[in-house]
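Two complexes, one shared chain (chain A), two partners (chain B, chain C).
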Partner chain A sequence: MPVIQKKICLLGDFAVGKTSLMRRFVEGCFDDKYLSTIGVKISRRTISRSSGEIKLIIWDLAGGDEFTAQSSYLHGVAGALIVCDLTRLDTMAAFQRYSAQVHQVNPNAPLVFLGNKVDLTDERKISDKNLQAASSAYGSPCFLSSAKTGEQVESAFLRLVEELEKVP
Partner chain B sequence: MSNPQAANVDPSEVLSDQSNGQALIEAIRGILVGQERQHLEQIENELQTLGQRLEAKDELALKRLQELWADVQRLDAKTEPDSLAEELHTKITGLVQRTIQDSPDEMAKALGPVMGEAIRVRIRESRKDMVEAIAPIIGETIQKAISDFARELQRNIDAQLKSTFGLAGQLRRLGARLRGVSAAGLVIRDALPFSIEEIFLIHRETGLLLAHLHPSGGISADSDLVSGMLTAIREFVQDSFGHGQEEQELDEIQYGEQRIIIQGGRFAYLAVVTTGTEPSGFRFRMRELVAELHLKYGNTLRDFTGDPEKLPDLSSPLNNLTHLPEAEPSTTAKISRNQRLLIVGGLVAGLILLLSCCFYARFTYALLPVAFPRPTATLTLTATFTNTPMKTSTDTPTITASPTQPPPTLTMTSTPLKIKAVALGDVWLLAGPSETADRLVVIPQGTSVFVLSAYGKSWLEVELVINGSAHQDGWVGAKWMFLVTPLPAEYITPAAIP
Partner chain C sequence: MLPPFNSEALVLGAQAARAFIQTHRIAYAQITPDLKIGLASDNLHALLAEPAGLSQHRSLSECLDEFVGAEDILHAILTGAEPSYSLEHVNRDLPDGSIMYLNFRILPLDEHNPSDGLLLVIEDVSDFDRLKQAIVQDRNELRLAKVALENANQELESLNRFKSFMLSMAAHDLRNAFNVIMIYSGILRGDPKPDNPHLHRHSLDMIDSEVEWLGMLFNNLLSMDQIEKARLPIQFSKCNLSALLQNILANLEILASVGELQINFKVDQEPFTIEADPERIKQVANNLVGNAIKYTPKGGRVEISLRQTGGRAELKVSDTGKGMNAAQIDHLFHPYYRTNEAEKSTIPGSGLGLFIARTLVEAHHGTIEVASQVGQGTTFTVYLPLRQPREI
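Right, the complex of A and B next:
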């Protein structure tokens, strides 16, 4: 059966855990070391579904204000995961910015919101309620994940795949 | 424990004998320390025995001791730095040799890092020595590499030369000249080794891989990651250095010996990984391929969202790119529009020149007899005077000379050069070099006449041939005649001689 390819992007402010989430999802591992992503990193994972196999080409984009210069990386995106850091309140503001940019390129692209670093309970600044409200505004599902423990990472990506399958 | 000796003495006897106080004491002593005494005696006996043994062994021990002492002295001598070094040298050398024989890989692995550093240090400290030591090896290696390359090049050139004498080869030479390079240089360039490692056809917008070919048969595990990264790199360069000029794109990436040649299209682009020097016309073929794919499958490429089932078979067109023609008339592919115009113009001019030459040659050939007539034999009558005897009134006849007509003689003389002229218009042939002279006959325009003489620059004496046989001489104004050849000076007289 032929493998369908889909390009998805990981978006969010710097140091929210995008690369760690991708590594956890693709390689199943986690590294405490922080190395800022320069430009873009591309990885791939094939998911088996009832309808067939889907190969996700995951573009992990560098976070930060310079994102607008790299908006060309969003060309042809089928869906996106937008990530915020639950220990930093300001990272939630990126939801709106990144959502707008994705929908500018592809209005039908499904989005999934992630509140990462849920394992850092003592340092948490963003509540479940805030996160839920933000995601509801876009009609998108949200997950509380941890790249360190692996919690909800797989679920978030699989949910995005489900949403992608719904798009004609 | 009771003293055995004391046990043999009846205590009652002892007690009864007061004079044996000493014995009593002894008895008591025996009771109290009898066992110990016995034990002591045993020890004494043993010691004695041991003493005897020792005496026997003493000599042996002494001997052994002496030997040990000698060994100690010897070892002591060995611990001297020099002798120790000598000893260790022998041992270590043998050990290393044995290890190398038994476990060469492990030895290499163990010594590798150290040797690398040692070489670096050595190069740093004595570069010249290292160069002298390595130069022969590097020289040979380079020679071998060049020989292999030259052999390959020679094979390719031979293949190229086979096509040189054909039309394609001639066109290639012409193209080389027009481009300012020698034909030999172009042959060498085309003969340089070239190979295609991989071909990627990538969806422009998403960076998803549409088709991939590995002509050399190698393994390419991450072709879809490569396609994504290539797309990202193109986007990055476009954003960073494009300055808004969308028509400019990244078209080549060089990595060591490999080169990635990129040819963009509207919905998809081609990336070919190559090694060596690409032959002339290769990029044109890439452009053609991309154009062909867009022409045939433009809508499919535009609407591609990742489902490969909706794609046509793209492997075959990509495969055609790997078939490099040996003798390719690439001049038409590489010559610019101006150069093409120049070629066409040159050919037309050449044709015109050729036609002109033919016409001129024919015209000249036709006029040759007029310009350079051959001398002809003519019969001339020349009068000569000879003395002939005449009759006189004397008695005696005397012979006197008188002119007589000798017989005609045939002499060869050059016929005077006939200058041809053509009438520029209808003009009267006059009887004399004057406007008022009698008119003889009309010379029609374009009629050829022979010029007999000239009076100054204004009048020409001409001979007109009428109806092919009759001749009519007369005079005509010079301005009405076109002289085919210039008039020699001797033809011109200041005064007319009718």
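Right, the complex of A and C next:
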């Protein structure tokens, strides 16, 4: 079976949970402690598909101000997960900026939107409707995830893999 | 004419470069035109800390994940279309749990002949980046604290507005009720003659009805406070819903007689036992029936029915009042909502009754529905489980 390598990126404002989502997906664990990422942390996970194995090279990029200075990180990106924090309204406003940056490098890159921290129900500021409206503007799927509980994390990454397989 | 070859200068330059490389923890490797690793400095494996598989003649992207997908830009450097490619602040986990930060830079071995191959330079910038990370960490934590503070502030402002509103509403309703009581007690005091029994009776009825209303207002305000503090106590027990409703109707009889309303009550079984908090269900029914009585014009009809359907208790309260439109129904269960007509009327109301009724019904794992037509009347239907679900 052939092994295909695909570079995917996790993008979003600071402290939306990108690193936690990656750890949940790659290592299956979660740590409540917040550690700001500077630069990029690269992890990998191989997914078995009927067409063969896909080795995902996952780039967890620093959010917010740190990211804008380093657009070279996006070279060769095949697809991206764009993450917002459901408890912070302003983190959804950045969807457009991150989507544009990905499509500037690869116009065909599929995107998957994630509203993370869905477990914090009492603190939620972004509604399902708002999130769906933002993602449907790009014709992209969206998921309500929790890196803490693992809810929808696997589904979101696998959906991106499905979308990657559709790209010729 | 070429300058004279000076081997001493070359040796000196090489020694200086070696000293610089050792001081700055820099490693380097040659990348062949087919993007495979060629010659490399001795310290390359040590610097990367994870050298497994990093060997000569292997593809760069196979050895280093950092270069997966970078083939296009590397070819662009080989053709001279791009001068270089840099990746900065690449995180690598160390066995002790700390993070090493690396800068990667790829440039032509010979800028005049870029197709000859590339030079990969890797620099360990951990000392500088750890300081930077600490600054970014502090800044982000401050930003998060600011967001949390703003949210808390908004909640406090909202709570403050809520308290002010509640106080003014309560004051308004209390004043109205006390005014009515004072007027009629004044009438009774000024008319001590027992030969006007109708006026006497009417005054006492009005006072009783206002006292009843005040009781409901106090209960609602108390419940609102408990809902707000998320400590609404519910004590489930077996209760006879039919007897409870009949008791409420008896208490509201005076209010109904003031409005010259016809009250009908139908029940399909006796006793009608469900598992509920009798005090809370009494409050729900009081609010629904009390509203129906208050907002139904003189000579109207209020019908209450209780039956078992689909394993649930169904309580219906219908009136022949003015009814409501769809927009009004949308807001009906919001706290402090009163329709424009209700606001303009002299009928006292805090706008809390239906909000509280729904909260209490939901606390019983039930639902409340409303159907209304302008000019026809309104029907509230409450569904309650006969037995409360058991938590596992």
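As a convention for this text, the second predicted complex is superposed on the first by the 168 of 168 C-alpha atoms of A that agree within 3 Å, B and C clash if a C-alpha of one lies under 4 Å from a C-alpha of the other, contacts with A are read in each partner's own complex, and residues count from 1 in each chain.
Everything that follows uses one rule, which is that a contact is a pair of C-beta atoms (placed from the backbone, for glycine too) under 8 Å apart; a residue touches a chain by one contact, two chains touch by 3 or more.
Since this is a predicted model, take the numbers as computed values, not measurements.
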Following the overlay on chain A, give me a clash-or-fit verdict for chain B and chain C.
-> clash
Touched partner set for A:88, first chain B, second chain C, both or neither | second
Could you tell me if A:46 is touching chain B, chain C, both of them or neither one (first, second, both, neither)?
-> neither
Partner touching more residues of chain A, whether chain B or chain C | C
Considering only touches as defined above, state whether A:76 meets chain B (first), chain C (second), both or neither.
-> both
Is A:4 touching the first partner chain B, the second partner chain C, both, or neither of them?
-> first
Which partner does A:34 contact after superposing on A: first (chain B), second (chain C), both, neither?
-> second
Once the shared chain is lined up, is A:57 touching chain B (first), chain C (second), both, or neither of them?
-> both
Is A:15 in contact with chain B, with chain C, with both, or with neither (first, second, both, neither)?
-> second
Please pick the stretch of chain B from 41-49, 203-211, 347-355 or 455-463 that overlaps chain C when the two structures are superposed.
-> 203-211
Intersected contact list for chain A, partners chain B and chain C 5-7, 39-40, 42, 44, 57, 70, 72-73, 75-78
Could you please specify the touching residues of chain C with respect to chain A in the complex?
-> 61, 65-66, 68-73, 85-91, 101, 129, 132-133, 136-137, 140-141, 143-144, 147, 151
Of chain A, residues touching chain C in the complex = 5-7, 14-15, 34-42, 44, 57, 62, 64, 66, 70, 72-73, 75-78, 88, 123
Which chain A residues qualify as touching chain B in the complex?
-> 2-7, 39-40, 42-44, 55, 57, 59, 69-70, 72-73, 75-78
Quick one: which bits of chain B touch chain A in the complex? Just the residue numbers, please.
-> 203, 205-209, 222, 224-225, 228-229, 232, 235-236, 238-239, 305-309
